[in-house]
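Both complexes shown next keep subunit A, but they swap its partner, so subunit B is in the first and subunit C is in the second.
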Partner chain A sequence: MLKKIINLFEKEKYLGWFLIFPSMLIIAGLIFYPVLYNFYLSFHEVIIGIEMSYVFVGLSNYIDLLTDSGFWHSVYLTLVFTFSTTLISTIIGFFAALLLNNKFKGRFLVRGIVLFPYAAPVISLVFAWRYIFHPVFGQFNYLLTSVLGVIPEPIAWLEMPRYALIAVIVFNSWRMFPFAFLMLIARLQAIPQDHYDAAKVDGATFWQRLRYIILPQMMFVIATIFLLRGIWNIYKFGEIWLLTRHLNVLSVYAYRTAFSQFNQGMAATITTSMFLMLLGFIILYIKKVLKW
Partner chain B sequence: MVDKFFKKLSKKVGFLIGIFTLIFISGFPFVVMFFSSLKTERQQYTFPPTLIPEGGITELTLENYINVLNPEIFPFFRFFGNSFLVASISAFVAVFLAIFGAYSFARLRYSGRKFLQRSIILVYMFGGILLIVPLYQIVVSVNLANTHFALILVYLMQVLPVSLYMLGNYFRSVPYEIEEAAIIDGCSRIGAIFRVVIPLSKPAIIAVYIYAFMISWNEYLFASIFLRSPSLHTLPIGLEQLFYTEHFVWGRMMAASILTALPIIILFLGVEKYMTEGLTAGSLK
Partner chain C sequence: MLKKLNLKFVFVVTLLLVLSFTINSVQAVEITFWSGETEEQRQAVIREMVSDFEAENPDISVEIVPIHESNLPDQIMAAIPAQQLPDVIELGLEHVLLMSNFDLLDVDVATDILNNIGIDDYFSGPIDMTTLNGNHLAVPMHGWVQGIWYRQDWFDEAGLDAPETWDSIAEAAEYFYNPPESYGIVTGTKADHYARQSFNQFAFSNNAYLFDEDGNINFDSPEMLETVEFYKELVNFAPPGPQDHRDGRSLYMADQLAMVVYSSFFMGTLESGAPELIEHTGFAPRMVKESEAVYGQFQSLGVPVTSSDEEKEAAQKLIEFMLTGDNYIDYLHMAPAGMLPVRESVANNPDYRDHEILNLFGEQHDDILAALEVANAFGFEHGQIFPQIGDISAQFVIGTAFAEMIDQDLSPEEVVERIQNRMMDIVD
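Entry: the complex of A and B
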């Protein structure tokens, strides 16, 4: 019996590696290796022909990129998009979680509807939103001009870079708020009931409860959502490109450089720079905000 | 007394307004999609915008759906079939590999395990856009451009880390004693995985499969880079390209959008509980 168990531990060493090996092989081969390869390509000019060939150009791609004002504009657009979308979707998700944390009839139905934007495929959603953003017949302009009167003239939201930024932020905040909602409501429901009871006995108002009981308990989840969504939003491509071709965030800039201009060495330089910037942010964030 | 009554009433009204705003925000674009899919091209263009055409609800038509489902008019079935093929195979392989990988992480003790687990978490710092150039170069150089196989491999790579993470979380929540009993009874580790772990985690495994399926079903970036022939197109890239052709009709695109979204939304809502548990387990300290 004892021998059998020792034998088992002996074998486990190999079994552990054996079971994880295929997954690691795919992740190493299709993620880690390409990222390194991308770094290598960023120092080359890629000549596309029948045979691909690479010419070493040293830092010249990086110098060209960093002195290109178009690149810095893309950095700016990416940061504005990432920050606004993350913030707005978390705020909406937070209020949705507070509302649905109450018990009421039809709660599960409402929860289901709230998850629709997150569950539906992007391609379906962009068609609906292209219609909603239509300059003449769309509901968005109608709401802002005729109903609320916030803007005097209809706007071509998806055709002008200035407004495309707003449209993309609106669409992505809407699409991603259910993610924040799911994480936040799971945390809300884990707050012990006696915390609320104690507050009730003390006669705390709703805002006091929010400030002193709910928020402190939620800070860690909110910080995690910001980190994850921040990373995913910086890299976001499909949800932007499919809605409008007029917003040159870094991912779109890299995609165009690689597959419209076929300057793949430069595209590798753009994506490598993106990664390095993100790495800087993450280190700063983990040190300053999460305080690990 | 009256004061208290009004306080309670205003609280209730505020709550209801909140709930209805929430339903409106989440659901309105779907309502637009639904009514547009039932309108003729002429009925789409009205100002002020209306959901139901002027002539009332009887003016609505199923014509768009009939056209979309007719392969001679609209290649919906071909795109749907391609998407289904690519998504179901990549999700299946990902879940199969992840069951063993996640088991290894959750239950076995060996040197190097911590390092491997950390490197999986590291993957969260990368995004698909970082890989477009190198993967394109690799795919072209091994002659896999314009094949579903290349796409399946890339989707497998995209869903494997999250599958490992989610399944690892579930396996840790299954009591170890049952497995231990099976092993003491003479079951091997692999036997215990098949006879105890998989049956006990069935809902979780299905949830991870559907999550992986959804990610592949949604993917546009790599499909647009790898696939050239329209006959190979998946739904996202196929529908997107139709938008820029003369075949573009609002109602048809909306009908196709609904048919693309419906199966996924139903699957998602069916397993959402397990999915959320697996995804949020790590962050709920």
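Entry: the complex of A and C
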């Protein structure tokens, strides 16, 4: 009898492996293979031609990369872009969630509209924003020069490398705040009304309620948003490339190295370095901030 | 009951298999055509032409992929390792050389096509510029000339000369610069092909060449420095920040620009965007300083060596179909006066010449055609072809440095030094 039960367990174990095998195969093909192939390429010089050939160069790609000032400038741009967009979009998302957590007429409609930047296709948004940032016709310059008088002359925001970073941060923060809003409002709605009522009885102001009730309960969600947005924005390519060709964040730097300078080996080294940096950041973040 | 169902199932599956086999055997060859025409109206013409071709050749099906010329180097470089190169590819001169540098173009197919169409009928310019070491790399399709398009009415009113010399260009640019109401000139200063193309004409008019006669990079010559100095001076009369042809086009159509460096496609663009400006617009294809310079380009069709024999045969049929008879004239009329014929018999063909827009040009059309014959470009200098221009142009070295010049307020000496060093790095 006991043997029969053990046999049954054994059989079930094999069945389990059998059932997850297709998923494992897909994951291996779509994730492990590209990562490993990229790692392999980073130690080679890739000679492009009808017959591709690979020359082993050891660590020389890594040495060249670490001594390349262009790479470190890209690292700086990527970190500034990632940190500021994550911070700004989370703050806007947080206040939008607080605002739309109140009951008012048409709340559902407004919630839907708030999601628009996140749901709309990126290419149409980019076209609209390219127009907004245009030095002659754009509303952004009109606002800053003619209405507010903050700058004396219009600026080519997307075409000047020193301003392109600001323009891309503005665009990405606007586009991504609904994501933070969505996550935060879900958590906000889960806070029991009793807590607010009790605070009201104690005479707590809005800021005290925010500080002692809302924020402590939201911290985990905020930290998770930071982690996810951090991962996504460090790798961000499409939006940036479509908006401007003058912001050399790491993904753009890798793309240019691969397809404009035809140096696939070095491009693989850049992306491997990005991967390792991000892995380090995630491990540190999970241990120190999320405390998993 | 179950048995009956099973039998039916087997029958249907067998039928489907047989049908799919039959369909596959009819559609024997599928080829891909990377077209450089990305505008919807031109794509519609090409799609119709390709449908006619498929109707005539039921054993060939063609997939058209429109790719903008600025994205072409990236796409080619991504397609090589992925083994996804097309079977027919539209290429500018520098891209012909870029492909040729990687030994990717089938010169035998190109030669066959040229012989079938009639190589003697071609103007010498397009053939010379696509022939390297005696090999025809690609089949020239059409040409275009670049120059300065200007507001003839504004110039007449101000009593200014047509912008054909450096002095007249500078004088007009300054005269009409009255921001934000109007700007003097738009010329290329972004990291793209347009910047190299527009600067090229200024350089050649000052006898400044990118290569010396031995093929060394010669961007730091005194003539080139003088050209960059002049170019920077002109940029002062342009709208804020780096500019490209799209910026120039929008401003011109908005009545806010006196001059724009643009190809012969401009007239067609005006016709669809601001037809009221056509009669007020002049065109100066020749630029004079130390010598007279015309900048021109030829678009060609190439067949990559990576295609199979059947695919190459189908590609050859498609190219010959598009470049002969009425099809070729229909193709050129997609952008009348923009796409110029590369064959003498077509240039003189009444069917080609009888077109509303071409009639607007009148005698100037002949002048533009004549200019195309003497047109030149970086890399095609001193009667030689320097294939390194393919790699150099793919990296937008000149445009990148001009964008940096505006962003970082670089001196002309710094711009020249950066371009020289970067080009030497690429060539090395």
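The criterion applied here is as follows: the second predicted complex is superposed on the first by the 273 of 292 C-alpha atoms of A that agree within 3 Å, B and C clash if a C-alpha of one lies under 4 Å from a C-alpha of the other, contacts with A are read in each partner's own complex, and residues count from 1 in each chain.
Heads up, the rule we're going with is that a residue touches a chain if its C-beta (ideal position, glycine included) is under 8 Å from a C-beta of that chain, and two chains touch if they have at least 3 such contacts.
Source: prediction; values computed, not measured.
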| item | value |
| --- | --- |
| Fit or clash - subunit C, subunit B, common subunit A | clash |
| Subunit B versus subunit C, judged by how many residues of subunit A each one touches | B |
| First, second, both or neither for A:Phe116, with subunit B first and subunit C second | first |
| Partner chain in contact with A:Pro161 - subunit B first, subunit C second, else both or neither | second |
| Which of subunit B and subunit C A:Gly280 touches, first, second, both or neither | neither |
| Partner chain in contact with A:Glu153 - subunit B first, subunit C second, else both or neither | second |
| Partner chain in contact with A:Gly49 - subunit B first, subunit C second, else both or neither | second |
| First, second, both or neither for A:Gly70, with subunit B first and subunit C second | neither |
| Which superposed partner A:Leu242 touches (first subunit B, second subunit C, both, neither) | first |
| Touched partner set for A:Ala190, first subunit B, second subunit C, both or neither | first |
| Superposed model, subunit B segment overlapping subunit C, candidates 7-15, 97-105, 205-213 or 223-231 | 223-231 |
| Residues of subunit A at both interfaces, subunit B in one complex, subunit C in the other | 46, 52, 136-137, 255, 258-259, 264 |
| Subunit A partner contacts - residues on subunit C that touch it in the complex | 73-74, 77-78, 80-81, 102-104, 180, 190-192, 239-243, 247, 250-251, 254, 256, 305-306, 391, 394-396, 403-404, 406-408, 426 |
| Subunit A-touching residues of subunit B, taken from the complex the two chains share | 15, 18-19, 22-23, 25-30, 32-33, 36, 44-49, 97-98, 100-101, 103-105, 108-113, 116, 119-120, 123-138, 140-141, 153-154, 156-157, 160-161, 164, 183, 189, 214, 217-221, 225, 235-236, 239-240, 243, 250, 253-254, 257-258, 260-261, 264-265, 268-269, 272, 276, 279-280, 283-285 |
| Parts of subunit A lying in touch with subunit B, wherever the complex brings them together | 8-9, 11-13, 15-17, 19-20, 22-24, 26-27, 30-35, 37-38, 41, 46, 52, 92, 95-96, 99, 102, 104, 110, 112-117, 119-125, 127-129, 131-132, 136-139, 142, 146, 174, 178, 182-183, 186-187, 190, 220-221, 224, 228, 231-232, 234-238, 241-242, 250-251, 254-255, 258-259, 264, 267-268, 271-272, 274-275, 278-279, 282 |
| Parts of subunit A lying in touch with subunit C, wherever the complex brings them together | 46, 48-50, 52, 135-137, 153-156, 159-162, 245-246, 255, 258-262, 264 |
